[in-house]
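Please see the structure below; I have some questions.
Here the chain labels run A, B, C and D in written order, and each chain numbers its own residues starting at 1.
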Amino acid sequence: MSLQELYRGVILDHYRNPRRRGKLTADHIHTEGKNPSCGDEFALDVIIENGVVTDSAIQGQGCSISQASGSMMADAIIGKTLDEVQDLAHTFKVMMTIEEGENPIDPDRPGAVLGDLEALQGVRKFPVRIKCADLPWTTLADALEQATT
Amino acid sequence: MSLQELYRGVILDHYRNPRRRGKLTADHIHTEGKNPSCGDEFALDVIIENGVVTDSAIQGQGCSISQASGSMMADAIIGKTLDEVQDLAHTFKVMMTIEEGENPIDPDRPGAVLGDLEALQGVRKFPVRIKCADLPWTTLADALEQATT
Amino acid sequence: MDVARIRKDFPILSRTINGKPLIYLDSAATSQKPQQVIDTVSDYYERINANVHRGAYTLADEATTAYEGARSRVAQFINASSSEVVFTRGTTQAINMIAYGWGLDRLKPGDKIVLTVAEHHSNLVPWQIIARHTGAELVHLGIDSDYRIDISDIDRIFDDSVKIVSISGMSNVTGAIGPIAELTEAAHRVGAIMIVDAAQSVPHMPTDVQALGVDFIAFSSHKMLGPTGIGVLWGKRERLEAMEPVEGGGEMILDVHLQESTWAPIPHKFEAGTPPIAQAVGLGAAVDYLTEIGMENVREHEKQITAYALDRLSEVPDIKIFGPSDVAMRGGAVSLALGDIHAHDLATILDEDGIAVRAGHHCAKPLMREMKAISTARASFYIYNTNEDVDALVEGLHKARVIFGL
Amino acid sequence: MDVARIRKDFPILSRTINGKPLIYLDSAATSQKPQQVIDTVSDYYERINANVHRGAYTLADEATTAYEGARSRVAQFINASSSEVVFTRGTTQAINMIAYGWGLDRLKPGDKIVLTVAEHHSNLVPWQIIARHTGAELVHLGIDSDYRIDISDIDRIFDDSVKIVSISGMSNVTGAIGPIAELTEAAHRVGAIMIVDAAQSVPHMPTDVQALGVDFIAFSSHKMLGPTGIGVLWGKRERLEAMEPVEGGGEMILDVHLQESTWAPIPHKFEAGTPPIAQAVGLGAAVDYLTEIGMENVREHEKQITAYALDRLSEVPDIKIFGPSDVAMRGGAVSLALGDIHAHDLATILDEDGIAVRAGHHCAKPLMREMKAISTARASFYIYNTNEDVDALVEGLHKARVIFGL
């Protein structure tokens, strides 16, 4: 049943216990995003040193999908190079049918490609909610753009 | 055929040779009316002495119906008392189905009740044009109101 | 009122959503349309369509008669005269028209515009814009613990500097009915004009502008069974005559010269350009439909269903309802929160069962802040809703609790 | 282009007027609607109807998709990007939006707005209003003996004080196509913005805003087979971004506080309140219909029929035609006078034979004064008109001559 697929335990866990919630104090990049249609808000602090994401923190409020997606994302990017982060974002967007490509997820090995983020797969069946899942990733894209210019 | 009824010779005659066209110089009442929808314009000068219309003159431009109606009206009111003019206006408006009442016109004695104005009877079959025929009479009503206040 | 028969007039109600029959609980956002309205619009296009007011041929005359006929039916519906009924694009445009047309030339620094914290954005933002242009000041009445407008302070607030008062007749978030009589009295005492944002009240209860005694009201067709794309500004004759037209163009003029123009009489001076003709005709049909049912009956039906809903909803654990509990003080828009489930998630879960509720800030962000809610889910009722719809909603909420492990 | 097949799509064309089949020659005022457009609107109300942008349920999502889908079809139709297409109530509202949104804060005494004497009231009166508010000055280009805009003097007129130029792409009275390229060049040379009132051009010829190179265009749905109650403002991205929204309300905001608000990105910041949703969807269907025919073909058909009309009409004694004789320079609106027969009388006589023509000042009083005509009769053509319609018109004019004893 697809609602169960949408609201998996791991999503509700990230919603209720968001990882990396807070603000960074050291020099960081800060970006913000909003979904005016549903009121979701998300903000990202990120530190990039020598082309590698070394720290992140998130703020915001909104539905379980947007907030869980952000929490998972903030965790997933740590230690990755900028190229790897770009790859991750692309893979995520392909999974969400936001970008073109073949679904990268292997149903037999859950979590193998995207970790916790794979739990968001169920959102694909709820087109209205895809932009919720995507909101944190648009703030990430803004941050990457700031980092490289 | 109803177009022939609408555009009777006497109407075209008044349209092309309007009676009492011009302006009065002696002390007079001046009123104006417009039909913004079709651009018809009509203005009336009238002198009322001791409760009797002693002179009138008309200005304006517009379709044959409005201008003929005004020309006929300007002629018809001369020498009439204010009450008689009110009666005339009411009889005209009944004929035009603008006011309630039984059509006062006797088809066997054309012109007996309203004179030339009876030629406007055909307008009743063209509801769009009734307001053309009525335009001069609204300026007359304004003039009568001015005269009595 | 025969709801079963009424439901048959609404084709969309036979639609299924995710395999379930549609249960439409979002009429405060926009109402559904009866076949009579839909067919009236089609028929207009199929048989009558022409531009109004400027034609000497049969179709143009019929179109004008249909358009002006709709105006007089709307006028009758609110007990007004036809020349006081201006067709606009909707409530929002109507309020903007008053803000610009009444405010731009008249307001000056130090003048006050009195609003409330519970207004829809449509009755907040236009006044912010006019305040910026003129230097006037905005004052907002608060809400009390029962979510109603707090008028305890009005004697202090209302002095000669108050020029405009604008509040909603019924909140689209809490359902609370506005204190129109008290504020009208206060406004007129200091010579201010009184405006009612009637977007939620006109569709759901009888409206008599003579009895109300206010200066302007604004409402939207699409919330009262009519087409989108049209609404109404009603104003007292002397107010409309004193107000400047905002938009210039065809239809609203008496004469045009290169450097200046004169305006047509009301209501036309406020209707620049080709008006929403087919939409007016459709609104006329909607008004006929509502009149046939009787607005007293509409109101009674909604009081009944709202009372039932408030009662049934109170059974659901973890629920919080934002609005007055006495149905005499409120309409049928019921905003709620359920535990820590975000309204958007609630809407998705209900949608799986075909239940359409709104989730979000309902275009009333300041009120949401006031209520310390970021977003709420809102169920709202109309003539086609039944107690069974409420039952389905309650069941859906229980299901959401299970999914979220509450 | 198969006119016979096209005619079958227009239900109103099977109507009779005074016992005669309707011959509709008033498309410059408003066009007729194909069944495809009428049905799209009904279908929207019967199956999809919900408010847009604010819903998390299926219907609201479908409604939003339909509404935004219409926007992207309109964008494609004029070779623009979706975010540059603002839905308005019509051409008139679009021009008013530019006048207020661009002009109110920017114009100052001494600044000039360049128009022409041939404009529709919708492109005259808004500028008069803004001139009154700001102290800017209005300058009007004249017409030459061929009824075309006289641009011989533009080098003298265009200096740094010119801030806005707004002219029609095609006259609704004379049919003359406007000198857009020349005026755009002149406007941009002095840093002014260039606006085209495209109410008559977009429905009747291909439009490519990239190729035009102007800053804004405005047009109406109801003149291009679409519903009443909706029109389009297109603006270059940077122009729209720099322009202030005129109306405030729901949908157009990013955030609202009690004293101030921030705006949504374009195009939404210009769409305050519930938009004309069903009308947008209907306009999308109209655009599909026209695209299917091909705007090049529409233009060719109208050139052919206009050439035929100008030719046949010239046979009628006592006729005077107000407009260019070369169909390459003009569209299909043909204004005429016949001897001393008033246009209104002409319209009545033609209506007896089911022929619908417009009579009056065509919302262009200054032009009428310029042409020394108080009112003209106007026949205008569209995709459903045939040479036989022209023949009937000519026959009707002969009949009018007989009735008036010419």
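Methods note: contacts are C-beta pairs under 8 Å (C-beta built on N, C-alpha and C of every residue); 3 or more make two chains touch, one makes a residue touch a chain.
A quick note: this is a predicted structure, and the numbers were derived from the prediction, not measured.
Student: Please identify the chain with the largest separation between its CA centroid and the CA centroid of subunit C.
Tutor: B
Student: With contacts defined as at the top, give the pair, A-D or B-D, that has more of them.
Tutor: Result: the pair with more contacts is B-D.
Student: Return the distance between the CA-based centres of subunit C and subunit D, expressed in whole Å.
Tutor: Centre-to-centre distance between subunit C and subunit D: 31 Å.
Student: For subunit A versus subunit D, what separation do you get between their C-alpha means, in angstrom?
Tutor: 47
Student: Quick one: report the Å distance separating subunit A from subunit B, using the average Cα coordinate of each chain.
Tutor: That pair's centroid distance is 80 Å.
Student: How far is the middle of subunit B from the middle of subunit D, if each middle is the mean of its Cα atoms, in Å?
Tutor: Whole-Å distance between the two chain centres: 39.
Student: Which residue numbers or ranges of subunit D touch two or more of the other chains?
Tutor: 54, 56-58, 60, 253, 255, 343-344, 348, 359-360, in rising order.
Student: So which bits of subunit B are touching at least two other chains?
Tutor: Expected reply: 37-38, 128-129.
Student: For the complex, which residues does subunit D have touching subunit A?
Tutor: 53-54, 56-58, 60-61, 253-255, 264
Student: For subunit A, which residues count as touching subunit C in their complex?
Tutor: 2-4, 6-7, 12, 16, 37-40, 61-65, 126, 128-129, 132
Student: Please give the residue numbers of subunit A that touch subunit D in the complex, ascending.
Tutor: For this pair, the touching residues of subunit A are 34, 36-38, 127-129.
Student: In their complex, what parts of subunit C are in touch with subunit A?
Tutor: It is residues 340-345, 348-349, 352, 359-361, 374-375, 403-405 of subunit C that touch subunit A.
Student: Which residues of subunit D touch subunit C in the complex?
Tutor: It comes out as residues 11-12, 15, 17-18, 22, 24, 26, 29-30, 32-33, 35, 37-39, 41-42, 45-51, 54-60, 89-93, 95-96, 104, 117, 120-122, 124-129, 133, 138, 140, 220, 222, 227-230, 245-253, 255-261, 272-279, 343-344, 347-348, 350-351, 355-360, 362-363, 365-366.
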